[in-house]
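Each in structure tokens, the structures are laid out below.
The following pair of complexes shares a single chain, subunit A, combined with subunit B in the former and subunit C in the latter.
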Partner chain A sequence: MEAIHDTAMRVLEEIGVAFLNPEAVAILKHAGCRVDGEIVYMGRDFVMEMLSHAPEQWTITPRNPDRKITVGGNHILFGNVSSPPNYWDMEIDRKIPGTRQYYANFLRLSQYYNCIHFIGGYSVEPVDLHPSTRHLDALFDKLTLTDKAPHAYSLGPERIEDGMEMVRIAAGISHEEFDATPRMFTNINSTSPLKHDWPMLDGWMRMARRGQGLLVSPFTLAGAMAPVTMVGAVAQSLAEGLSAIALAQYINPGVPCAFGTFTSNVDMKTGAPAFGTPEYMRATQITGQMCRYYKLPMRSSGACAANVPDGQAMWETSNSLWAGVQSGSHIIYHAAGWLEGGLIASPEKFVMDCEVLSQILRYFEPVLWRTDPGDLAYEAMDEVRHNGHFFGIQHTQDRYETAFWQPSLSDWKNFEGWQAQGGVWTAERAHLLYKRILEDYEEPPMDPDIRAELTEFVERRRAEGGAPTDF
Partner chain B sequence: MEAIHDTAMRVLEEIGVAFLNPEAVAILKHAGCRVDGEIVYMGRDFVMEMLSHAPEQWTITPRNPDRKITVGGNHILFGNVSSPPNYWDMEIDRKIPGTRQYYANFLRLSQYYNCIHFIGGYSVEPVDLHPSTRHLDALFDKLTLTDKAPHAYSLGPERIEDGMEMVRIAAGISHEEFDATPRMFTNINSTSPLKHDWPMLDGWMRMARRGQGLLVSPFTLAGAMAPVTMVGAVAQSLAEGLSAIALAQYINPGVPCAFGTFTSNVDMKTGAPAFGTPEYMRATQITGQMCRYYKLPMRSSGACAANVPDGQAMWETSNSLWAGVQSGSHIIYHAAGWLEGGLIASPEKFVMDCEVLSQILRYFEPVLWRTDPGDLAYEAMDEVRHNGHFFGIQHTQDRYETAFWQPSLSDWKNFEGWQAQGGVWTAERAHLLYKRILEDYEEPPMDPDIRAELTEFVERRRAEGGAPTDF
Partner chain C sequence: MTTDLMKRKRGGGRAGHAKRRGPAVINQAPWCVPVNPDRPTEPMPMEGGGGDP
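Coming up: the complex of A and B.
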């Protein structure tokens, strides 16, 4: 850990990070960093002092305060797949551009599943909405169809300011109440190697000033935009991410931040990105050690390279998710619905992933026998002895309803029973299940006055032209 | 751990274990155990003294000494699925009884894959072979089509004696050499709750006397033949397994043993067994702690309830396998090819599982940067800085060939590339791959004289009638 830390610090001190945002450069220069054009060199003392302000644990309180989440400590939070431009489902069986309708369906699925704790970026990009006002309609849908902790994109001033204002309106709170505690979060990606772009830095700084949740996730593909070795790629990702966190902490000491890992490798024969590989898992877990070293909450992802929700999709995603939770990650992004390296969102994959997520959450529940010695079951064994079975005894009757995780998509019938019901493979069952969920979905309640205010805001901003689309 | 240990010991002392084998009962009575008919009560002092003789680490040397394996320590060993009565592949698309031909194909797959370290029980039961002589033909195939560490079934005296003799002949060694170090292994299952049957105990004791590898794996389904709580089910499995190990150690102190977990849960609505669930994972890991407590090598399994090699099959199997290796298991049985709770063997599932196994093995390789500081990649980052990429630089060129795990079944192409090649889902790709492997398979060399001696033995024993089939 010391060697990786030292490497990251040397990179910050001697190679520097490009901040393609003059305001950010000016702030860091004011903070005492050496600056050469866009390149900012940060001393390790400065970085570590800034990191010392970052809280180890923080909360996000969405419009429904019962959905408040805690980032850090022993908490594990899962969110929907974010930002694929394309959509695939079994009925369409083609890769097609995302639409508002598909996007809204993913919001409904995200609201429905208890194992989804926060609403990340757009599960699929609603490309039928004009880019200048897409964020307004998409956030309107997010804030009305769900009541969980919301994300807004840091893509320049208008989008993030609109996002913060809409989250505030949806929660029915004052500006002071909004600023007092995190109500939402954003996520930025560095432009590896060692560069932060203008619009993301702009949103980052605006969110920092208002004390909202900040995630930075360098996309460091080893062998492409990062060193071919996983420890080298992690060191680079740390330099990139910690430099953004240092900036946020200088602007607003104590602002809640988390470090996101998105370090994977490429296929060296083709350059294709890979996910859920042994290298991906190891990079995630190395990063977990480093986040504990820096006392920062951590983000990782559920990811795969597979193009359809088949066996490969599930072994790659299982690898990603287990590495994520076992690395000590607090926030697992893209935990449901991801295909094709993040280029496709699929509702079948979404419900398949949720089946895995609910198992992971169950796995991490405390082992109850610490509090109930009856669970050691000596008396039960003494009752059944050598020739009985445990189905009918009181010890079983007292516990069977909660003893085991209950599946919602898995089929545990034997082959004949499964065949008698049509012999349906998992992805097809998932197709039927997601449609049933959409039929059963109920919109979370929202005060009509608040809804009207939100609608009015969207219409006003639409009339004003929304946000520029030229970057 | 102390509470689980104490529960297991109380079960052994006060409830006792039924040994349905008069010879075993007599031996244990001679050892000082209290005996009441078939029930043997073992004091914890006796059990712990017997366990103190069991080695923490041992080897199996098959006919090809280069394939020698070490059981225990930091070694992880994978084996093929064992004992399904039925076969399924995508072309047949039905569940059909196993045959010698299918069985031999699984042997070829097991020989082919480097991630398969030992040959367990029959990957599919060759039911076209007569039960009285099936073991002779099946072992002949195993010993000629593979040269990895072999298993033989403990099903009464004839089968296990034939098995030992055939392994000895195949290795071209004397009886003394055979007895000097383990050349093979067996696995017995208790008849839960708290019972060992006659034929398995018979084979167990014969193998113990000749110093061969012994695995005992209680099949303790929580809520059915074991308590509904996982700690209770683990405690029962320990009582069952440790009682067999104590017997073996009394017969031949120091004989190599391993404890196998096969604790899972049932669906409490239907009674159907489940595998790869959160409860399965936790039971496996609790058992891992207990095996370290007893200083015994451990066996676990790759298992699933799914009926076909789809998404569910892979998330359940991934859960099983990761829980297995992370519990500290040394031997992972059923690691490739298992479907339908062990009732079906599938060649597609076999090659899909091997893709996961090779990733697990890669994941556990040492992190090289401990020995090569260049892996920290400071100089590489200094060379590329803020605008380049790492593809072409020397640091990458020096490492790219071994930097990342290489897939053999995974498709990492993007959707369009994948579609252009037919849009083939994982299970279908696995179908094509297993057929290609069978075409490429090469039989490991065997001395013609040894092969003749083996054939002669099989024919003589066939003429003698083989083994009884009335139990």
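Coming up: the complex of A and C.
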């Protein structure tokens, strides 16, 4: 660990990180960092002093305060797939661009499932909305179709400022109340190797000034944008992420931050990213160790390279999710719905992943290792002895309804029973289930006056042109 | 047809929907912030030198 830490610090001190944002460079120069053009060199003393300001645990309170989440400690939180540009479902059976309708359906699924704790980026990019005003409509949908802790993209001043204002309006709170405690979060990705881009840094600094939740997740694919060795890739990832956190802490000491790992490997035959691999799992665990070393909350992901919700999709995602659990991750992004390395979102995959998440949540329940006399069940064994069975005895009768995790999607019938009911494979069952969930979904309540104010804000900002685009 | 539909009494909004829909589509535990009770897996020794025996 000391060797990885020392390597990350040497990178910050001797190679430096490019900050493609003049304001950020000026701030860090003022902080005493050595600057050469866009390259900022941070001394380890400065970095460690800044990290000492970052809280080990913090909260996000969304518009429904009952959905408040705690980031850090021994808490773990799961969120929806975020940001794929494409959509796939069994009925369409093609990879097609995302739309607002598909995006809204993912929001409904995210609200419906209790194993989803926060709402990350757009589950699928609604590309039928114009980019200049997309953030307004997409955030309106997020804030009305769900009441869980929301994310907004750090993509330049207009989008993040609009995002903060919409979250404030949706919560029905004053600017002072918004600034007093985190109500939302953003996530930035460094442009590996060793670079932070202008719009993300801009959003990062604006959110830092308002005291909102900050996640930085370097996209360090070993062999492509980072060294081919996993500890080297982790060290580079740390240098990139810690440099952003140091900037945030210098701007607003104590602002809540979390370090996100997105270190994985690529297929060295093609350059394609791979996820849920043994290397990915170890990188996630090692990053968890380093986050505890720095006393920072940690983010990881539920990711896969598979293109459709098949066996590969589930073993890769399950490996990723369990690596998140093993690593002590606090926030697990993309925990439901991700395919094709993050390029496709699928409702069937969402439902299949939630089946795994519900199992993980059950796995956490202390009742499974409780050792009361009733749990040890000596009397039950004494009653049945050598020739009976446990189905009918009172000990079983008293407990059977809650004794085990209950599937929503898994099929536990034997082959003949499964075949007699049509021999339906998992993804097809997931397809039917996601449609039934959408029918059963209920929009969370929102005060009509707040909804009207939110609508008015969106319309006003739309009339003003939203955010500038470069095309 | 339109007139008939317009005359029809409203189904009771959220309460009516809950009444009509019957049992939940999936059984799930209530929403809460979960706790991970396990010690993390930590492959790296403090002073480095992990990996090969």
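The rule is short, and it goes like this: the second predicted complex is superposed on the first by the 464 of 471 C-alpha atoms of A that agree within 3 Å, B and C clash if a C-alpha of one lies under 4 Å from a C-alpha of the other, contacts with A are read in each partner's own complex, and residues count from 1 in each chain.
The rule we apply is simple: a contact is a pair of C-beta atoms (placed from the backbone, for glycine too) under 8 Å apart; a residue touches a chain by one contact, two chains touch by 3 or more.
Model, not experiment: these values are computed from the prediction.
Colleague: Pick one for A:433: touches subunit B only (first), subunit C only (second), both, or neither.
Modeller: second
Colleague: Please indicate which partner A:4 is in contact with in the superposed arrangement: first for subunit B, second for subunit C, both, or neither.
Modeller: A:4 sits against subunit B and subunit C alike.
Colleague: Is A:282 contacted by the first partner subunit B, the second partner subunit C, both or neither?
Modeller: Touch status of A:282: both partners.
Colleague: Looking at the overlay, what does A:420 touch: subunit B (first), subunit C (second), both, or neither?
Modeller: neither
Colleague: Look at A:194 in the shared chain and tell me whether it touches subunit B only, subunit C only, both, or neither; answer first, second, both or neither.
Modeller: first
Colleague: Could you look at A:92 and tell me whether it touches subunit B, subunit C, both or neither (first, second, both, neither)?
Modeller: neither
Colleague: Figure out whether A:382 sits in contact with subunit B (first) or subunit C (second), or with both, or with neither.
Modeller: So A:382 only meets subunit B here.
Colleague: What is the contact status of A:452 with respect to subunit B (first) and subunit C (second): first, second, both, or neither?
Modeller: It touches nothing on subunit B or subunit C.
Colleague: Which subunit A residues are contacted by subunit C in one complex and by subunit B in the other?
Modeller: Residues 3-4, 231, 282, 286, 326, 362 of subunit A touch both subunit B and subunit C.
Colleague: Quick one: which bits of subunit B touch subunit A in the complex? Just the residue numbers, please.
Modeller: It comes out as residues 3-4, 7, 10-11, 14-18, 39, 86, 88, 95, 193-195, 222-233, 235-236, 239, 265-268, 270-274, 277-279, 281-282, 286, 305-319, 322, 326, 340-341, 343-344, 352, 355-356, 359-360, 362-363, 365, 367-369, 373, 375-378, 380-382, 384-391, 395-396, 399-401, 403-405, 407, 409-416, 418-419, 423, 425-427, 430.
Colleague: Which residues of subunit A touch subunit C once you look at their complex with the stated criterion?
Modeller: These residues of subunit A touch subunit C: 1-4, 66-70, 74-77, 113-115, 117, 231, 282, 285-286, 288-289, 292, 325-328, 358, 361-362, 364, 366, 406, 408, 433, 436-437, 439-440, 442, 445.
Colleague: For the complex, which residues does subunit C have touching subunit A?
Modeller: 14, 17-18, 21, 24-38, 40-49
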